[in-house]
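What follows is a single structure, written as structure tokens, with notes after it.
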Amino acid sequence: MDWFDSGWGLTLIVFLPLVGVLLLLATPKAAETAQKGIALLITVACFVLSLVAIARFDFGDSHMFQMGMDLSWIPAIDARYHIGIDGISLPLLVLSCFVTVLSVIYSWNHWEEPRNPKAFLALMLVLLTGMNGTFLALDLVLFFIFFELVLLPMYFMVGVWGDRTIRKIPGFKREVETRLYAAIKFFIFTLFGSAFMLLGFLALYFNSDGGGASPTFQIPELIQRSGLFTGSVAWFIFAALFLGFAVKVPMWPLHTWLPDAHTAAPTVGSVLLAAILLKLGSYGFIRISLPILPEQARVWAPAIAILAVIGIIYGSLACLAQTDMKRLIAFSSVGHMGFVMLGIATLTEEGINASLIGMVAHGVITGLLFFLAGSMSHRYHTREMGRLGGNLKLMPLLGGIFAFTAMASLGLPGLAGFWGEFMSLLGSYQPLAGLSLGVFRTAMVFGAIGTVLTAGYLLWMLQRVNLGEPNSEWLGRNFHDADRYELAAWVPLIILIVAIGVFPDLVFGATDGAVAALVSNAFGG
Amino acid sequence: MILATEAEHAAREVLTSGPLLEWAWLIVAVPYVASLLIVLVGKRLPGKGAELAVGALGFVMLYGAVLLYLNITQGVIFESSVTVAEVGAFSLEWGWLVDGLSIMMFFLVGVVGFLVFVFAVGYMRGDVRYTFFWAAFTFFAGSMLLLVSAPNLIQLIVGWEGVGVASYLLIGHYWEDKANSSAGMKAFYTNRVADIGLTIGTIILGTALGTFRIEEINAAAGEGATAITGVAFVGAILLFFGAMGKSAQFPLHVWLPDAMAGPTPVSALMHAATMVTAGVYLVARMFPLFESLAGQHRNWVLIIGSATALLGLLALVQDDIKRVLAYSTVSQLGYMMVALGAGAYTAGLFHLWTHAFFKALLFLCSGSVIHAVHSNNMSDMGGLRKPMRVTFVTWIIGGLALVALPPFAGFFSKDEILAGLDNAGYQSVMWIGVGAAFVTALYMTRATALTFFGVYKGHGHPHESERLMTIPLVILAVLSVVAGWVNVPGVYTGLTEWLGTRQVLFEEFHPEGFEFLPLVAGLVATLLGIFIGWSIYGRDAATQEARDRLRVPGLWPFLQHRLYIDDLYWTGIVQPIKGPLARAVNWTNDYVIDAVVNGVAFATTWLGRVVYGGIDQRGIDFAYNGLSTATDEAGGAVTHLQTGKVQEYAGAFVVGALVLVVLGFVGFFVFG
Amino acid sequence: MTFADWIAEPANWAFLVLAAPVAFAGFRVVTTRNVIHAALYLVITLAGTAGLFLLLSAEFVAWVLVLVYIGAVIVLFLFGIMITRAPMGSDISLDHRRKAPAALVSAGLFAVLAWATVSAFQLTTIAAAGEVVPTDLLGNALLGRFVIPFEVVSFLLLAALIGGITVARRDLTPLEEEERRLA
Amino acid sequence: MTTIQFVLLAALLFSFGVYGLLVRRNAVLVLLAVELMLNAVNINLVAFEATLRSALAVGQVFSIFVITVAAAEVGIGLAIVLMIFRNRKSANIDELDLLKW
Amino acid sequence: MSPDLDYVALLPEIALSVTLVAVLAADLLLPRTRKYWVAIVALVGVTLTAIPLVYLAIEGNLPSVMVDGGYVVDEFALALKALFVASGYLVLLMSVSYIESERYYQGEYYFLLVASILGSVVMASSRDLITLFIGLELVTGPLFLLAGWRKGDVKSNEASLKFFLIGVLSTALLLWGMSFLYGLTGTVDFAGLAAASGDLVDNPAFVLAVLFVMVGFAFKVTAAPFHWWAPDTYEGAPTPVTAYLSVSSKAAGFVGLLLITYLALPDAASIWGPALWLLAVVSMTLGNLSALRQRNIVRLLAYSSVAQAGFMMVPFAGAAVAGSDLGAAVTATVTYLIIYAVMNLGAFAVVIAGARKTGNGEMDGWAGLGSYAPGLGLAVALFFFSLAGIPPLAGWFAKFVMFRAVIGTGNPWTLALAVIAAINTVIALVYYARVAKVVWMDPAPEAVPQGRERPVAASIGLVLGIAAVITVVLGFLPGIVASFADATRVIVAGG
């Protein structure tokens, strides 16, 4: 397995999906089974490879970048093909491979108009490359490329396969189809952020040449040189990176693309968006912002914490006003990612670990919620909670899983969602020495209140969707309960939700060492 | 007076290891596994899953009994933890703690749970979601066991919330009706609010000590370690806030009456051994923490506990028999809290112990009645003592235990509480307790009279429930009598010893014998309550007229009554209590506390709409979209510069060049 | 140099004699209402310019100007005017109505150009009646140092010629084309 | 003689040319104005050459190139004007505004 | 005295000249029905030009300095010549089916196009004002006529006239500036200018001259506010000609701009730097804002190319304003230019093919193109998103080097430029994405347009294929173009 350890394994994880895209393009349009087979094969292969990566990973050295490679790529700009994996990225990589496999399985017989599995699966595979690449990249330019790579597929997923209802958009004169509005909004917001992120990367590069060293884009190298980034320049760099990552997370008040994109996206699109894409932003904070700019991280931490808490409360409150089930779930992401960011803002080992497990948990849970919401709207042809109700009666299995997932989403202890919330509150009670206790403890209290609100809207959603007598319009309709493909996609997620909840070491085992090293290197704690 | 001291404990050869203790985690695991199995295969089993549930609880009961035996004979202290993750300075652990307190809870949950489960097999037969009910019910019991077996606060939270979610599922069991699911939500939600306290309290204590282990926190608190003294008060108050939610302490009790929406066995278990006792358990478990800060926090606990104890008043105006019992539970929980607040550790837990039996009994009796008359309302009952003999007798036993007449269980525990209060110098609180005892007697007499005496006012012909239901009643009735005998001052104080087996020791007061004042005051109050109650409700509870009269107490017709003493009671004592006061309390409850709770819910929803509709959509999103519209408009404006006239282009071209040059000149020759 | 010094120099007399009509004719080129006149005024301007070139000892360029411009370009213009049937007599609609902005722009342009010129070349003088630049020098320069643009410009002329013809000529109608093919 | 006088004259002609370019409606007259401008440049070049007397008479060489290019431009311009006239029966350039915005 | 010429180094120019003559001859000799051979002759000729280019790149004795430094063939020139020849080749290829499909004058068309290519190739080597000017005129002159090549179409006529008039106006201004440069320094050689210009920066006439020269080139590169002709001309001209205008002709303008600024007037950076800064900002903003409202795809690309010109000026403007290394900025601009050429040509090939397919040049007519012509739809997405700079398509690298060139300086004005450019990147996305949206997300019209069944012409398909492959490959391995453009650091001033 030397080839695997020397970087080719990870390279394969990143680029195998692109091979899959080529294969897909070569199939005739009508050969849908072949297309699905190819997609499944490729994604499963990636997942298996990621499992191999786990097996080969040295958990004792989880703060080291392992199984990586460092090749010359664009010498003209000193950009290198430098990848590697550590305890922080490992869970996210596995998650992304895993969720994609499930998405392919789910897609097997769920196609939104206008079908076209070939194109859809191809986009999904491109997305996979982008996500995996982002988690593995150790070169800022490479990171940027992969970070951006996810935009196009998601744009098309939302725009082509998205929701066709016509909506009145606040601030617009004309009414537009949700999918069109959402797709471009997603694209513009993210591009806006990443344009500034790129400026930040370049500024990092140009300021990294202190002490006779030549400037570099290499993340590990930049972490070594974190002392070089000081003063107002560093402030601006952090600000630029913040814009890029915060849009993606998304943090309040840059979040407004998210509900629209989630609502409009096809089911699988929503799932991948929620499960993985949002994590790219928070991952960026942990991988780049904090270790490279520790001094600025201290400066910015209170602001991030405040925004995160606003996001928590605000997202929950907004959920309470929703009538559209998917939109509610989407807004819940704002709140959940608020906890993730609150954890990061504490700059402590507990907080950052919390944010990592929070990411994984949110990916699994909210991904599953979107699967379920998609399946429901597939059957009811509506997502209006006012028209739903009694779902548990019509489809006991699906409704039961829905209830379970909602419980997981509200952070029920013993399930995956709890650790992220609890640990980030824990972290914010005692943030990094020197950070304002007042801000963080207030944040903790509001975060705790946020957990109550979270429970509020999720239970409310359950009541409106799952409970009660079914609406008269569904009488006499024969709804088929969750089918084989759906269960095949969902049960692994359910198992994972419980498994992480009961045995958080699944995530912490990988992350803790890496985070400890990060915190002690960056903040001397 | 006996002071349980360390020396005394050391004298006992406490069992600290052994396979029985090492396998005690099965107590938690078995119900959970059973629950999972019921979900997965329950429908295919002959008993639709009930056998798994009952079996699991039977196992718990037996295991609990064995442990109790061990504890009685030698004492048990055992703790074991498995680390599941190391995060920063903290270890996250799952474990199990076996000591006097947890054994008592195991046994309580096991026994009461088993009996309630058996009862439920009959009661729930033919229910819409029979199998699911068993899954949730078993999960409920399992979570309670997880809670009480927790050696660390995180596991405690896990069990705590598990109980919460199970209660949500069970209270909202008949979710076809929105009111029921709302009741479930209300329960979960109120608890969630309280859990803020628990969570933050845990965080504060855990951060201060770098561990979440309960015994370490207790030890630190007992020693007055500097690491904890600064935060102990806040931490304790926050934990207590959490306990207030689960144990339905004023003003977070509002969920509990609504929780009656669930099936009666659920109410029985919830009010007896699980859920509501969790708060009391928490305070007891963390007792050294609370105790070490005596004085500071006590008043809080006492005030809240007293207020809660007086909420029994509300039971007086309820028509729903289960609600009467619910308010009764609230009031009894107040008792327990008051006891713990006054430092009477054993007394509080003793009351928990006895209360578990007789309250389960009362609920099951009410369930039996409800099963028979198909209504919860006492106005649909009456005269049931004849057709339902077993139920009637057991109810009377349970009722006597509740109103605390000797030799029934409640008498001993209540007396010990009052004695403890008296001893600790909280005489005023003791008198509140005495008052509460009076109220308890009053409403229990009322409920008994309205249900079992007079004439039947409902539909159909009620008859006694099946064996499966009555046998648990009988067993519980027996327990309701004998449970109090485990701690009779001066005679046998075994419970004090059992509960005393714990790692962190503390001093507390144990009455050596019955003390005169509390004993007499309590008894007199109770008897007075029964007497007055019977005078009002008992005599002609059968007639419609009487109930009318009772419902509108202000219009009591003087002359229709032969006994002026009735009128004296009424106008002098009952009316002020039953009328304005009770109504005032009821009004406060409905329009202030409940209104606040509902108002908070409403306001939150409203705020949600404002945030979403006002700020998000019209504010932030509008701003972004406005920006985009503005950009687009700007695009339109600049595009119209392109007029299509080539000479205008040429003009613009030359002007552009000129501007550039002039700017160049200005830049160079004006600003240098 | 004072104005008196300047006017004392005979070459400047010649300059004035030539420049005045050049300027005047230039002005009329863009203001006259008669199309033909405009072309003829341009002839005057160009001729005057050629004279100025002579004054500046640029004999060869002067004659090139006369040959190329007055000989060829102006004729081209006149043909153009006639083919496009531009109004021959004076015509008010030759100009736009809004001349003021245009005048302002050109005045501004002149001001800028003049100011720059004055401040840059205030003191430079031209040796009066200097030695005429020999034509062989120009020839050598054109075919030596500047041979490449010289060759390239021939392609430009060729392209203008061929392209001009193609663009300007009347296309055959499909009918005519058919006839032609048959013939 | 000074350089200024020639360059100022050129500037004058250049400005006239610009004016003509901006106000004339007839395309041919616009072309005339353009010639005026190019001619102004020639005056500049020759005047500078006379001032500087460079070894290769670069100014004059340049002006010859300019004259050549100007001739080519006129050819091109007139061809375009003729083409337009053929299609529209008018050589007024301000009527050409099909393409805008 | 025979001229000092290195005929080997001149082989590309000679090859093109021979092609010109051959095209003309073929046009004369071939019967009307065989005119398509002219296209083949032109294509073969231009292809053959690649041989000396490659030879020179590998074996050539570079740099070759001719006519006293007035004409230099160095790696910089060679790289740009390759760019001109390659993009010219693609435009020729694009023209084949376009020109055939209507009654055009094929022979003359190819002649003029090759002449224009020759002009740009000459410009790349020019090291004095006169050669530069003549080269520029040879690039532009034929294009005036080609823009009006659809003689029967009034729009084409109008396009041609507008282009011509603004073109000569800019020529006049350029020449005025050049005449002043000569008058102030006494030389037209870049080296001489560079030597003399240091002392002149505070001379108003010099400022004026430099700025007028800038304006002349700003016209060529369609920098706002000197871009007015471009949208109208782009829309009206035959589409391959528009493609040529927006790529080769613009590139030629940039080459001129780079040569003048970098080689001739490096010391005047304080004059042209701020001017370029202004032009860059106005171009980006105005171009993008105007493009937002366009419904005609070619017109949209026109405004987009105005904006892109702004982006291309950013590195140079930034470096000049900040006073940092101009050589790096040249590299950045040339890199941008090369990538832009590929993707923009691809975009125009798509426009030609799409217009044929839909029978429509308006965006709305393209609705649902992706559903019945997925390949074409893919190409639309590919090229337009590449123009928007979205990874992993080649455009990202162009944007990247642009930002990279300005961000390192730390000068506030430069940073402001970077921020403005960043915001403009976002605005630009809107309209690029809109095209993709129309093609993929809007429903196809009920009525089937005429050409829907017609396959894409092979020549267009070839262009699309080449451009697409390059766009994707460069997206992943931009190192190729980076090393290519890096050679441009090796500029020889000549003289």
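Quick notes on this one:
Order as written gives the chain letters A, B, C, D and E; numbering starts at 1 within each chain.
Heads up, the rule we're going with is that a contact is a pair of C-beta atoms (placed from the backbone, for glycine too) under 8 Å apart; a residue touches a chain by one contact, two chains touch by 3 or more.
Model, not experiment: these values are computed from the prediction.
Chains touching both subunit C and subunit E: B, D.
When each chain is reduced to the average of its Cα atoms, B sits farthest from subunit C.
By number of C-beta pairs in contact, D-E leads when B-C and D-E are compared.
Think of the whole protein's Cα atoms as having one middle point; the chain whose own Cα middle lies nearest to it is A. Ranking every chain by how far its Cα centroid lies from the centroid of subunit E, the top place goes to B. One inter-chain figure worth recording: subunit C and subunit D are separated by 6 Å, centre to centre, where each centre is the mean of the chain's CA atoms. Our note on geometry: subunit A versus subunit B, Cα centroid distance of 38 Å, whole angstroms.
For this pair, subunit A with subunit C, the centres built from the Cα atoms lie 69 Å apart.
For this pair, subunit A with subunit D, the centres built from the Cα atoms lie 64 Å apart. Multi-chain contact residues, meaning those touching two or more other chains, occur in subunit D at positions 3, 7, 14, 17-18, 21-23, 27, 47, 51, 58, 61, 65, 69, 72-73, 76, 79-81, 83, 86, 93-94, 96-101. Residues of subunit E found to touch two or more other chains are 130, 133-134, 137, 141, 145, 148, 151-152, 160-162, 165, 169, 176, 180, 183, 204, 207-208, 231-232, 293, 430. Across the assembly, subunit A contributes residues 188 that each touch 2 or more other chains. Across the whole structure, chains are in contact as follows: A-B, A-E, B-C, B-D, B-E, C-D, C-E, D-E. Residues 639-640, 642-647, 650-651, 654 of subunit B are the ones touching subunit D in the complex. Only residues 647, 651, 654-655, 658, 661-662, 665 of subunit B touch subunit C when the two sit together in their complex.
In the complex of the two chains, the subunit C residues touching subunit B come out as 96, 101-102, 105, 108-109, 112. Contact residues on subunit A toward subunit B in their complex (touch as defined above): 169-173, 185, 188, 253, 256, 314, 316-322, 331, 348-350, 353-354, 390, 392-393, 407, 412-414, 418-419, 422-423, 425-426, 429-430, 444-445, 448-449, 451-453, 455-457, 459-460, 463, 466-469, 502-505, 508-509, 512, 515-516. If you check the complex, the residues on subunit C that touch subunit D are 1, 6, 9, 11-12, 15, 19, 22-23, 26-27, 29-30, 35, 38-39, 42, 45-46, 49, 52-53, 55-58, 60-61, 64-65, 68-69, 72-73, 76-77, 79-81, 83-86, 93-96, 99, 101-103, 105-107, 109-110, 113-114, 117-118, 121-122, 124-128, 130, 133, 137-138, 140-142, 145-146, 149, 153, 156-157, 159-161, 163-165, 167-168, 170.
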